[in-house]
Each structure stands twice: as C-alpha cells, then as structure tokens.
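Since the structure comes first, as structure tokens, the remarks are kept for the end.
We call the chains A, B and C, going by the order they appear; numbering starts again at 1 in every chain.
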Amino acid sequence: MATERAATTGVPPRVASRFWRHLDNNPWVFVLPVTVYLLALSIYPLVYSFVLSLKEYHVDTRSFSWVGLGNYAAIFQNPEFYTVFRNTAIFTVATVAIELVLGMALALFMTRRMVGKSLLRTVLIIPMMTTPMVVGLMWRFLFSTDFGIIDYLLRILFRIPPVNWLGSTPFSLISLIITDIWQWTPFAFLILYAGLQTVPDELLEAARVDGARAVQVFRHIIVPLLLPMITVVILFRGMDSFRAFDTVYTLTFGGPGRTSGTLSFLAYLEGFAYSHLGLASAMSYVMVAVIILGVTVYRFAVMQRIVR
Amino acid sequence: MKTAHPLDQIVTYAVLVGILVLVATPFIFMVLTSLKTNLDTLEVPPNLHIFNWETIKSNYTEVLRGRSFVAYTRNSVVIVFGSTLIAMLLGTPAAYGFSRFSFRGSSDLAFWILSNRFMPIIAVVIPISRMMAALGTLDTYQGLIIPYVALEIPLVVWIMRAFFDDISNEIDEAAMADGCGRWGALARVILPLAAPGLVTTAIFSAIFTWNEFLLGLFIVTTAASQTVPVGAAGLLTMDRAIEWNVTATVGVVTIVPVLVFSLLVQRHIVRGLTAGAVK
Amino acid sequence: MERKPKAKRISRRKFLSTGAGVAVGAVTGASLLKSGAMAASHAPVIPATRRTPAAAMGGLKQFPGVTVNSIFVSGEHDDTLLRERIGDVKNQLGINLTVSDLGAGAMHDKIAEGLRSGHSPYDVSTIVGFWLAEMVGPGNFEPLEPYLKNPELTPADFDFADFVPKHLDYISYWNLQEHRNGRPGQLFLLPGPHSDAHMVVYRKDLFDKYNISAPPKTWDEYVQVAKKLHHPADGIYGTAFVAANDPSISLSEWGNRYVSMGGKFYSGSLRDKTVVPHLDSPESVAAIENMVELLDYSPPGVTSYALTNVADAMSAGKIGIMMIWVTIGGRAWAPSLSKVADKVAAAVPPGNGVTIRGGWGMGIPKDVKNKEAAWAVIRYYSTKEADKARVMNYGTAAVRTSTFKDPDVVKAYPYYPTFGKLLENATPYPSIPFPESWELVMEPSKSWNLAMAKQLKPKEACQQAQAAAQEILKKGGWSKSA
C-alpha cells in the first residue's frame, strides 16, 4: 500500500509510510480536536467573566465601573459567605461520600445472579434524567409537613411529631442532601457497575462466598481496579454538588435565612436577582479556585499512587 | 458456579424490591398525581381518584397541546442527540490517546480539559450567549449544540479514559502486530470491547445536557427551538398558585422520552456486557 | 488474563447495533417532528385571500409577514387568551404572533440581558412594578403616546380613560427626571394583562360556627379571630401565611401589615439622594410580632409555606382565614379548584384599608425593529373586550373600570366589588422607585424568615433588615447626604 501511495505522490515509499505511521501513532492527533474545540469556546467566556469580576454594573446608567479587587474583598468580608460556604462544604462532602458508598454497594449487589437487573437499571436512570425543577417540586411536595407523604408516614408508623423538613434548620439542608442522594446515586452506581464488569468473576465469587477474605479482596483487588471509576465519580459529583443550585431554589430557597443556601444560589441571587454582575462573577471565580484546589489535592494525593 | 442458597435468594430479591421501591416511589406518586384533579391532590392521606378519564385527558391535553411539550421534546431530542454524537466522536479518540500514550503534559492537558467544567454556568451564560448571537445562531438548534458539545467533552474524555484504562495494552499490541495501525486497533478491536463504556458515557452525556437550563433559557426564545427544561420552568413558579396535577403531568411527560431512550439502550447494554464478559 | 479479540465478528455486530440505534433514533425523531409540528402549531393556516381587507378593520395599519414575539409570566393565565387568538391576530393585522411564558425570575433575567445587549428577544415585553426602576427607568422603553394618538394604529373607541387610574399611575407612567412612577410622567406601558391587590378570604361557615360576627378590623383582632378558628383536632387551623424564605414574606405579609399600619418604608428624596429607610420603625416591629403570634394558630409546616401553599390550605378546607393576592385568592371560589367554593367570602384587610397592589404592564423595548407591529399587538390585547374575556374565561384581575362594573363579571366573581374598592386604595410596594427594589424585598425577607423560625427576635430581625436596607441604599448612592 505504501508503495502505491508513493507512486502517486512521488514521495519515496519508506519516507511516506514512516510519515503516516508516525501520524497514526502520534498522541496529539488523538487529542488535538477536543483541545482546539474547547480552546475556541472557552477563551472569550473566561476573559469576559474575569474582567467582569473586576467591575461593577450600574443598572440605572447601564454602565460598568472599575472596582479592581473590591468584589473579592466584599465577598470575604461578608459573614453570610462563610455560612453559605460551610453549607456547601457539608452538602458536597455528605452527598459525594454517601453516593459513592451506596453506589458501590449497589454495584456489588448487582453482580449477583438474579432476574430483573435490566428493570432495575432502567428505573435507576430515571432520577438522573428528570428535569431538576421537576425533581425539586416533586420532593417539595413529598417533604411538605402538611400535605406530604413522608411526614405523614413518619407520624402514623413511627409516631414521630411533625418535622418541618423544608422550613427549619438543620432539616432544610438534610432534605437537600436526601434529594441529591436520591437523584445522583445512580450515577455512581452505573459507572462503578460498568467498571465491575471487567473484574473477573472468580474474584467476586470469592468475595461473596468466603466472608473472612471478602473485605481484603475488596480492599486490595477491587478498589485498585476500580480506582479510575471511583475517581470519575468523586471528581464529577464533587464538582456538581459543589455547584448545586436547582434543588436549593425549588425546595428551600436557602431558608431559613441562608442556612441551607449554597454558593451557586448566592451567586445567582447577586447576579440575576440583584444585577450585581461583577460580584456574581467574582463569586464564581472563588468557587472555581476552591474546585481547582480540591482537584489538585486529589490529583497529587490519590492519583499519583496509581501505578501505570 | 455454585448454586445459590435459598436464603441468599430471598435476601437478594428483598433488597432488589426495596431499592426499586425507594427509587420509584416518587415517580409512582407523580404519575398518580397527574391523573387527579387539583382538589384531589391536596388530600392527605392521598386518595385514589385516579380513574376519571375526563380528568386525565384534560391534564394531558393541557400540557401536550396547550403548552407545546411535544415541540419541546422534539427540540430536546434533536439537540441532545446531536451534541452527544459530536462529543463522542471528538472525545473518544482523545480518551484513547490519554489512555495509551504518556506524553509530556498529558496529565496537565487532561486536567485542563476537566477544568472546563469547573466554572459555574451562571458566570459564562452571558458571554456564551453573546458568542452565539455573534454567530447568528440564537434561537436555533446549533446555538445550543455548539456549547453543549463543549460541556460534554470533559465527561466523555474522562469516563472513556477510565474504560480504556481497564483494557490491557497487550490487546492493542496484538492487533497492531496483525497490521492494524493505532486507529485500526482502536476502531476494530478496542471500541467493541469498550462498548459498555461507550453506552454508559453516551447516557451520561445525554443526561447532563437534557437537563441543562440556563444556556437554554438565554439562547433560545421561541417554541420552535425551546428545550424541555426551559419549557417546564414556566409551570414551576412558586410565586403563584401551582396546580400540582398539571405539574405532575409535566413531570410524567418529560420522563416518557427518557424511559423510551433507556429501554432502547438497555438492549445495547446487555449485548455489550455479554460480549465483554467472554473471557 | 488474555482476551482473544474476535475482531471481525464483533465489529459487524457493533455496526449492526449502531445502525439499529441510529435508525430507531431517526424514526423516533421523525415521528416526533411530525407530531410536534402538528401539535405545536396553534394558528390554523389562513389563505391570503381570506384575510379581512384593511378597509373593514376601520383603517388600521396592517403588517403582513411581520413576526412579533411576546412574553408573559406563567401561572396567571395572562397568556392563555392571547394564545387562543394567534389566528385572529394574523387575520386582523397580518402579524405572525408568538406567545411565550416563563416564571418571573427567568423572565426578568432574559428581558434584562436583552436590554443590556441591545437584542431584546421579545418585542412585547411585560413588566412588573419591581422592574420599572431597573428597566424602564434608564430609558430603555419606547414612549407610547405617539402610538396611542396615531389613528392608523389605534381606533377611536379604544377609550384610554377607561383604564383604572391608580393602575396607570402604578405601572404605566414613569417620570425619568424624578425617578418615580406615576403622573406627571411619560407613558411607557399599557396596563395589563392583569392588576392585583390583597384581600382577606375567610370561611363564612366557620365564622358562624365559632360565633365570629365580622371580619377583623385590626391586626390584633386578626390574631383573635385566628385563635377562635384554630381547632387542629378537627383538622382546621386558624390561618396560614407566607412564613418561608420567600420574597412574598416581604411583599405580601410584612408589606401589607406595614402599609396598613401607616408605616413609611423610607423618607427623603431620590432626586436629592437623601433617602433614609425605616425598617426598624415601631410599625415594622409590630408587623413582625403580629406574624410571630399567628404562628401558633397556623399549620406546623408554615415556615415553608409560599403563596401556593397558603392558597392550597384554604382550597383544601384546612384554614379559616387568610390574606392573599386577589388573583390567587380568587381560586377559592372556583368549584373545580376548591373544596370550599360556596363557603368563602372576601373582606378588606385590617388596618387603614391600604394594601399592596400588583400587576403588569406591556411595553416595547427601544431596540425592537418593528415597534408599530408590537404596538398593534399590545393594543389588540388591551381592548375592553379583551379585558372582559380574560376575566370571564380565566379569572384574571381586570385593568379597566368598565370591566369592574360589568354585571356578568360581578355575577361570576362575587369578590369583585371588594376588589374594586381595594384597588382604589392600594399602593405599590414602597421599594419600587429604586433600581434595587427587588434586593430591598429579598434581603429583609431573609430576616423576617429567621424571625418566623424563631432564630431572631422580632426587634432583632427588624434591626438586621434595617441594616441591610441601609447598606443597599448606600451602595446605590441614594443616601449620600443622609
């Protein structure tokens, strides 16, 4: 084949075939398309939003004025920021940890022989694919102390006095966490389960049958094999939980006060409700900085340990 | 394969049913609510006045015709399908590249790709919508597909890389020794083995863009291109009296294409998994 | 562990499955497209020959082939009538009309971005009082008087004077120099699709049962009435109100109590930048104390109640009295939506009879290309006939005096006479003159909600709200010399 190509182009066969082979085996050919695409789409928004974070918008004159680092200073001097930051941190850690554990448990469970697996898989996708606003309203109805089924069952079955799930601290944050777990555990499950498919059956059998060695099998064989999948779950759920907005908006509106507010909710209020565009942009950058910090810590603490 | 203990079987199925109940109950509840009149939805404990055909017809006609949900669904399907396809085409080779090659800066590049998902959407909605306006793609399918591909690429690259990592390098080398070349090895040998990963990745890509709201709100205006989340937002406003039965109907209507999609895709998951299970 | 790559067989299978997937996707897509095209179109296709000639329209200007996009808020039936008449608009004016609806928040964001970028997505934009200072104030909207006076665009029987005068002052006129709404000023918005005020809705039968002779005249009496009605063992709570972390806790609950007790939100002038807020006044504290007292006679979940939950509580027969927007409260009279439709009555809220008013106006952003066509649609939707049809068919709140006096309307909606009285005295939410008006609603809401959750005492909540208001006004430059 290389000789034919050479005949038409006039390039000596050995050079031509080496060129195509080099191109064929060149990593950059694989990664260039996405790199270019992302660069093209991300430069303008990044520059725009960064510059915006250094300005403030005046609604009545429709103009911007330069405030330098004033927005960032305002964020760190606002006591509400720390409340909301703490809420977001609690929310993120709780949801990611619980979803990872539940997802792993579900994935391990699904390796058993049973009928109804595909039904379960279909049903599990649905929470993730429901429009977040619909999820929020559905759970708002379910959690309602006076009209909802959850509190009704708690009252009738366990004789627990009515709990104000959506309007009291700390239950409002707990309701948000429960809703997120319901919606996103399937994500962890599906990824980990697909990863488990590559683990040999014999190991899983050993884990199930011989109880004493199960934990060790799990720790020393399954977890290392699944580490790329676990990483995906932690990174993606971590990023998304940290930026949680839809459920906060529909379920509790950050209430009482801001005790169930998240950073994204605060940024939305400032940016869209109050038109403080510069401040909202600065908040977003603070969030990005935290995410970068978290990911970098993860990268060096955990990922370097993977033997390639 | 040892035969399963009967007790083991019972526990297994009990847990299975338990999980199904926990996950599915909010939906069953929602479907039942969509069959009721507004008055009936306010009863606690819930009643079962769900068999009135007139009510059902009125709820669903209001949502499907009066509120253009068929149009929204059509738009969402086209936009999500298009953007997922393009993201998979661009991202899968990149994932393969990161998995097979360790070149200088590959780790940094991979994290840079991931970092495109760090920024909260609220910060970039305005500049992105202005970019689409400059391209003249406001209120069109492309106007949303272009940014959605950028949102999906990090997901595709990272998830597929994890799947490729779990397939041994020796297989590639065996294929190349047979005269395939890298791209040939990828296309003919590795991709089929990674089929469950491809399906999983496509599902997740689709999920994240299906639910996307802010960009959809700003880039698209009329029902000709409006997506489901933006269309649904109209009904979900807390500052007026919500009609829960109509809201539930919206919820059901937005789930149906999802169900259809996952039922179709189930067969691929099963086929892909059994192919990969041959050891 | 070796896996033998069955290269050729798998790749063919993969091709088939991928092909099948694409085929299924294409078929589904095509069928959705077809049914979508059929279901999504409301306008019947009208051949050009059947379009009524301009002469029969009384000489109104036609706009063949022009597209006009309009936006209305969701959940109020503002858009329903216009959606039904898309075909008629095409008939009478030649305009291709699209009608969209969004929640208030999303609508605000989209309109605001359109005004900022100079590409307004909606030729006909509806604006609520809170957005006046922010959107109309900077001069973004087209003055409407020239269009009103143009006989080619507005017929002689339009009867502009029929609009409720106070509503015109609330939403239609804005004075650019003095930074306030009302006349003297320029006309920027036509009133509509609805107006609003607050009213008390109560259960006549429960009043009889518990020997309550008349609706409460003071807010203290309101607490007493709620107490008398409170019988949780029988499933009846005294009252419900918005106690959640929701803008309505300021707008409806604190706001109504405050203005009906004679409280002043601020003093000083915007033009001279000498504004001082008064959120810690005695009336403000009294308002919050009143709300805290009512917690004892409300359902347990009341601190998560938004407007919809209050309305639901009355419609489900769970509470004895409530104060709420007329447009939402009206649902209690609808037999299809309320269990107690024949048992409710309306009253003027306690205090001096002043309540918070609401409602929308329709206008044209200055960057719209075909302003005359946009005006044509606005005018079409603002006629006497349209106002009455909105009210009769969908229970919206009227904007024309003639509609209030119409015997059909009074017969269908027994609370309309009370509503008319309320509308004469109602006042806009006091923060409206400021571009930061929505922030001045939402930041205090946080404090009021904390008082409801008993995490702050009423006085502390008022002080916190006052501090927040002072900060906002200072940042906006309205308190320079204070």
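FYI, contacts are C-beta pairs under 8 Å (C-beta built on N, C-alpha and C of every residue); 3 or more make two chains touch, one makes a residue touch a chain.
Here the structure is a predicted model, which means the values were calculated and not measured.
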Chain contact topology (line, ring, star, complete or other): complete
Winner on C-beta contact pairs when B-C is weighed against A-C: B-C
Mean-CA-position distance for chain B and chain A (Å): 14
Euclidean distance of C-alpha centroids - chain A vs chain C, Å: 35
Chain B residues counted as touching two or more neighbouring chains: 42, 126, 233, 236, 238, 242, 244, 279
Multi-chain contact sites of chain C, meaning residues that touch two or more partners: 1, 105, 109, 246, 312, 316
Residue list for chain A, restricted to those that touch at least two other chains: 146-147, 200, 253, 272
Of all residues in chain B, those that touch chain C in their complex: 37-39, 42-43, 64-66, 68, 70-71, 73-75, 77-78, 81, 126, 129-130, 133, 138-139, 168, 170-171, 174-175, 187-189, 191-193, 195, 217-218, 221-224, 226, 230, 233-244, 260, 264-265, 268, 271, 275, 278-279
Partner chain B, residues of chain A touching it in the complex: 21, 24-25, 27-31, 33-35, 37-38, 41-42, 44-46, 48-49, 106, 109, 112-114, 116, 118-134, 136-139, 141-142, 146-149, 152, 182, 186-187, 190-191, 194-195, 197-198, 200-201, 205, 209, 225, 228-229, 231-232, 235-236, 239, 243, 245-246, 250, 253, 264, 267-268, 271-272, 277, 280-281, 284-285, 287-288, 291-292, 295, 299, 308
Complex contacts: residues of chain C adjacent to chain B: 1-3, 5-7, 10-11, 13-14, 17, 21, 24-25, 28-29, 32-33, 35-37, 39-40, 69, 73-76, 80, 83, 98, 100-106, 109-110, 113, 117, 119, 121-122, 246-248, 306-308, 311-312, 315-316, 327-328, 331, 336-339
Residue ranges of chain C in contact with chain A within the complex: 1, 105, 108-109, 112, 115-116, 133-134, 137-138, 140, 243-246, 299-305, 309, 312-313, 316, 318, 435-436, 438-439, 442, 446-447, 449-450, 452-453, 455
Contact footprint of chain C on chain A as seen in their complex: 59-62, 144-147, 151, 162, 164-169, 200, 252-258, 269, 272-275
